[in-house]
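In this document, chain identifiers A, B, C and D correspond to the written order of the chains, with residue numbering beginning at 1 in each.
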Amino acid sequence: MLRRCLVANRGEIAVRIIRACRELGIESVAVYSTADKDAMHVRLADRAVQIGPPAAADSYLRVDQLVSAALTTDCDSIHPGYGFLAESTELVKACAEHDLVWIGPSAEVIETMGDKAVAKDTMRNAGLPLVPGSAGRLSGPEEAAIVAEEAGYPVLLKAAAGGGGKGMRLVHGPDEVRDGFLAASTEAEAAFGDAGMYLEKAVINAHHIEIQVMGDGEGGGLILGERECSIQRRHQKLIEESPSPFLADATLETMKAAGVAALKALKYSGAGTIEFLVGEDQSFYFMEMNTRLQVEHPVTEQVAGYDLVQAQLLVAGGEGVPPWDGETRGHVIEFRINAEDPMHGFRPAPGRIEKFRPPLGPGIRIDTFVEDGATVPPFYDSMIAKLIVTAPTREAALNRAARALDEFVIEGIPTTIPLLREIVDEPTFRAGRYTTTYIDEVGPSLVTLGEA
Amino acid sequence: LFGEDTLPLLERLRGRHNAITPGATNEEDDRIRSLVEVLEETGLGELTVEENGTRITLRQQSQVQQVVAAPIATDAPEAAAAPNGTQITSPMVGTFYRCAAPGEPAFVEVGTTVAVGQVLCILEAMKLFNEFKAETAGTIKKILVEDASAVEYGQPLFEIDPSGA
Amino acid sequence: MLRRCLVANRGEIAVRIIRACRELGIESVAVYSTADKDAMHVRLADRAVQIGPPAAADSYLRVDQLVSAALTTDCDSIHPGYGFLAESTELVKACAEHDLVWIGPSAEVIETMGDKAVAKDTMRNAGLPLVPGSAGRLSGPEEAAIVAEEAGYPVLLKAAAGGGGKGMRLVHGPDEVRDGFLAASTEAEAAFGDAGMYLEKAVINAHHIEIQVMGDGEGGGLILGERECSIQRRHQKLIEESPSPFLADATLETMKAAGVAALKALKYSGAGTIEFLVGEDQSFYFMEMNTRLQVEHPVTEQVAGYDLVQAQLLVAGGEGVPPWDGETRGHVIEFRINAEDPMHGFRPAPGRIEKFRPPLGPGIRIDTFVEDGATVPPFYDSMIAKLIVTAPTREAALNRAARALDEFVIEGIPTTIPLLREIVDEPTFRAGRYTTTYIDEVGPSLVTLGEA
Amino acid sequence: LFGEDTLPLLERLRGRHNAITPGATNEEDDRIRSLVEVLEETGLGELTVEENGTRITLRQQSQVQQVVAAPIATDAPEAAAAPNGTQITSPMVGTFYRCAAPGEPAFVEVGTTVAVGQVLCILEAMKLFNEFKAETAGTIKKILVEDASAVEYGQPLFEIDPSGA
C-alpha cells in the first residue's frame, strides 16, 4: 500500500486524485505554481509545495522540481493525472532512479504507445484491427501516394509524434498527396520537432469509441466498458457517454476481446484507454492507446460502479486490481464545462468566478476545482468542471442533464454551458444518431455556435 | 566538490524568469510584457495576476492597454521584502544546506558581506547539489531557513541589505 | 401523464420534487410562507405562490390555501412530500373534491395505516409478524397488566395516535404498569388529543430496518430493498444505510415477502415504507407503515439505481410503476445534516448560512435547499442537507463519508457534521455492530455528545 | 348571495394573525411578542425575521431581550405602504373579484370612501366565495389587481388613504 503520494498536476484532476488518496488513507502532497496558490487542490491536500512560476513549462512540466518536491516531502509515489507529464517517460525514469513508485504503466509501454506508428505495429501484432494504411512512417510523398492507392481514398496524413489535429491533412485524391504531405510534415516538425508522417484510410461518418482497461501488469486485468466520445469540436471532446447509443452489443464484445489481447501483449499495468475508430458498418480500427487516466474516466466509474483512481493507486501499491462485478448499469453522460466563450469562437475566458452553484440532487456528479471567488488562470487548460449525470435510461439521463445544466450557475466568466444545454435538446443528439462530424454538421444550426 | 557544471537548473531558471528576484523593476516590466502577450492571444478584456506579492491588472480598452501594478498583502512564502532589506528566495524545490559538508563552516553568517557571485548556500534537488550564488552584493541580515530543511520555490532564504555592501 | 404539479412542501424535499418534475417534463408550482420568500425551492420551480405567514399552521399546514394555490395556478396534481400534510386525509379528500390528483396512496390506506392499532390489525391479517402485545387499544391499566404478563416483560406502552416518542413508556415489571399507563396516556391526550394506548413486548438490542415499496394500486409493485435506520437520537434518525450490515440474506428475503403481502392486502399505490423491529436473533416484527416518501429515500435510489420520486409522479399520472432490474449494487449511507448544535444539547440553530461548500466528486449526492446567504428559518424542521455516499463496499463508503464530511464547509450556523464525522470513525459503527441503543450507549464516549 | 357564514377562513385568519394588516403598530408589537416566545422556546441567541417589509432582530443578552424593528426594502408582493396611503393585502390565496356577479357594479371604485366592515371585493378559494371587508376606513386610491385574477397571500389589492375617510 502506498503511504504518501505526490499529485503532479493541478485543477480538477488533482482534486480527484487527492480525494482518492484520502479515501484510501494515503497522504497527499499537492504541487502548485504561484498562479495556483489559492487553488482548491492546494487546500484539500495534506501538504502542498510551490514549484514554480505560472508558466507550465517552469512549474508543472518541470520533472526536476516535481521529483524534488516528492523527495523533500518524503513521498513514496507520484500520480501524474492527465496532460502535463502523464505520458512523460522522463518522469517515469526519474521516479525509478529516486525510488518513487510511478502510478501508471511502465516507461517502455508509454514509449511504445507514444509513437503512433510503433503503437500501431504493436497492436497489429497483438491482433487488433487497424485502419488500412502505411506500415509505420512514410519515407516521403512518393510512398504516401502508393499506400494511399492501396488503402483507397480519401486518406488521412498524420504526424507520427502528433496529436490534437496538428500535422494532419485529409487527402481526397492522388493530385493532393504531394502538397498535403509537405504541408503536414512541416507543421509536424514545427509542433513536435518530428516531421515523421504516416497515412491511413479516412473512415467516413466515423465514431470515436474507447474502452477503459485496468491492467494487472502481468497480462491480465479488467475491461470496464466503452465510452462514446464522438461529440468533438476541433478534436476536443465536449460530451462523452456510455453505453454508446450506436455500438452493437456484438461489436462491443469483439472490442472487449481486442482489449484483453492488448492487455496481454503489453503486460499493461494500471489504467489505460484504447481508442477505436468505428465505421458506419460497425467495423472498428485501433487508433491509439492513452497510457494514463482520461478526462472522461468518471463516465466509466459511474456506469461500472468502479473507482478507477483508487484502483490506480492500489495497483501501483502492489495491492492488485480491485475486483469488479462485471456489470454496467444505467446510462451516464459527461459534459465538459470550459471557461470559454462559445458566442465568440470559443476563445478562452479566464478570470475570477464570482459565483459557482453546481446543480445537486439525484444522479449528479460534479468534478471541479473552482468555487466562489476562485480564479481561472490564463496559463492552463480551460476546463473548469465536469458534470456527470447518471440515470436508468439514456432519455432519463438527457432529461437530467437538461435539468442540471439549467440549474448550473457560474457568474464572472462565460462557459460552454449554453452550448451543452443546446446540444442536449438538439434532435440528432437526442436520437443518438451522431458521429464525429456532429459539430461541423449541426453546429451552424445552433445559436451558440452561429457566430463561431 | 561542486563544479560549475552542477548548476544547469539554476542557470535555466535565471535565464528564463527574472521575476524571481523581487524588487527589480526591469523584471516586473518583462512580466507585464509577457502578460500583455497573454492578453492579446486570449482576447481577454481584463486580466489580473497576483504573484510574488504584486498584483498586476491589464485592461483592454479600444486597443489600448492600461497597466496597473501594485503590491498586495500575502501570507505566502514569497512575502514582500522586509524593511531595510531584500529577500533572496529559493529558485527551486529542494533541501537547503548552509555549508558544503557536515562540519565545514557555513557559506555565510548574519553580518557576512557578500559579493555578486558569492556562494550563499547549497540547494539539493534530486541528489544534485546546486550552489546558490548571490545576484546582488550586500550584507546578510537574516537567515530565514534552518540548515538541512526542505524549501519550496519562491521561499525566502536570506534577508540581505544591499546598502550594506 | 401529469401536466402541472403543486409541491405542497418546502426545504430539500420541495427541491427534490421540483427536480423530478422538471426531469419528467411536468411543470412545478412551489408554495411558500413569507419566511421562505427567498428559498431555493421558490427559485427552482416554474411558478411560486405565497400562501401565508411563517408559522406552518398558517401556511404549509393550511389545506385550503394549498388547494386554492393549486386551483388558481391550474395544477392537475399535488405532491405533499414528507411531513406537513403528507399523511393528511383531509388534503387527500380536498384533492378528490377539486379534481386534483393526489400523489400518494388512497385516503383509506392512509387512514388505516395512520392509526397504529388499526394498522397492526390489518398487517396481522395480511400475514405479517407482529410484536406480541395487545390486540388494538387497551381498555385501561388493568388490561395492560394482563397483556404484559402474556407478552413477557419488559414491555412498551405506546400512544395509539402517537409518534416521535411522545406518550411512550418502557415498563420493566408488573409494579410499574399502572403509573406508566396513566402518565403515558395523559401525555398522549395532550400531544395528540387521543389518550388511547396499546402495549407490546420490548425487543431488546433491536434494529430498526425498513423496506421501500412502490405499489401499482392493484396489489402488485416493487420491493426495492431495505434500509438500516438504527442510528437514532431521541427517535430521530441520524444515519441510514443499505444494505444493512446486520440483516441476514434469508431474513431480508422473508421481509421482502412480507412486503409483497402488504402491497397485495392494501392494493397500495405509489411509494411507501414498511418499518420493522428486528431482534438480535433476526426475528422481525411489523412496526408501522409510512404512506409517503421518506427523508431517507435516496439511500434506496442510490443502491437500486431507481428514481422513487419520478416513479411516484408516474404512478399517480397513470403511467404505471417504472421497471426495475431488481438488482442492488454497492453500499450507500445517508447522513442527515441538521442546523443544530451538538455541543449544546442539539438545540436548533437557525440563522444565516454565510458559506455553504458541499463536498463533490465521485460517489457523493447532496440533497439540500441551502446555499451561500440562505436563511434557515426557526419555524420549521432543522434538517438542512443530506449527504448520501455511494461506494462498492461498506468500508469504501465509510472512507468516502469521512472524506466528504471533512470537505463539507458550512459557516454561519452550527451543524451536526462534527457528530456525524465522529460516528464514522467510531469502532462499533465502523464494525456495523450497532442497534437502536447506539447513541445512548456510545454517545457519552463521543466528544460531540459529551456535554449533551 | 354570500351569507356571513361563508367567511370562516377570513375570520380564522383575522383572529390568529393580526400582522396581515400592515402599518398597524400594535400588530407589529404582537408579532414581536410571538417571536420572543419562539426565541425563548428554542434557546436561540439571536433571531432575525424579515416579513412584510420589516426586518426584526431579537438578541438574547444575559436574559435581557433587545428588540429592534426596522423597515427593509423588498420587491415581494407585500411591499411597504405607498406614500400617502396604506396597502390592503390579500389574507389568502384565491381569485379576486371586484363585483358580486358578472354585470353587477363593483363593490368599490377608485375614489370610493369606505367604512370599516364595508365589502371591498370577493376572494374565491376552493369554490368558496369570501367577502373581504375593510378593516380601516378611508378612500380607495388605487385598485392593484385585475378583476378575476389569481392573488396570493400578502399580495396588495388596494391602496387606501385612511385620512380620506
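Everything that follows uses one rule, which is that a contact is a pair of C-beta atoms (placed from the backbone, for glycine too) under 8 Å apart; a residue touches a chain by one contact, two chains touch by 3 or more.
Predicted model only: the values in this text are computed from it and were never measured.
**Student:** Rounded to the nearest whole Å, what is the centre-to-centre distance of chain B and chain D, using the mean of the C-alpha atoms as each centre?
**Tutor:** 68
**Student:** Could you state the distance in Å from the CA-based centre of chain A to that of chain B?
**Tutor:** Here the centre of chain B sits 36 Å away from the centre of chain A.
**Student:** Go ahead and note the Å separation of the Cα centroids belonging to chain B and chain C.
**Tutor:** Between these chains, centre-to-centre, one finds 60 Å.
**Student:** Select the category (line, ring, star, complete, other) that matches the graph of chains linked by touching.
**Tutor:** If you draw each chain as a dot and join those that touch, you get an open line.
**Student:** Following the definition at the start, I'd like every touching pair of chains, please.
**Tutor:** Touching chain pairs, listed by label, are A-B, A-C, C-D.
**Student:** For the complex, which residues does chain D have touching chain C?
**Tutor:** For this pair, the touching residues of chain D are 9, 13, 16-17, 19-20, 38, 42-44, 46-52, 76-78, 92-95, 125-127, 150-155.
**Student:** Contact residues on chain A for chain B in the complex?
**Tutor:** Residues in contact with chain B: 34-35, 37, 49-55, 58-59, 64-65, 67-69, 71-73, 94, 98, 344, 347-352, 375, 377-379.
**Student:** Give the list of chain A residues in touch with chain C in this complex.
**Tutor:** Within the complex, chain A contacts chain C at residues 15-16, 19-20, 22-25, 44, 298, 301, 305-307, 309-310, 322, 325, 327, 329-330, 357-358, 360-368, 371-372, 391-392, 396, 399-400, 402-403, 406-407.
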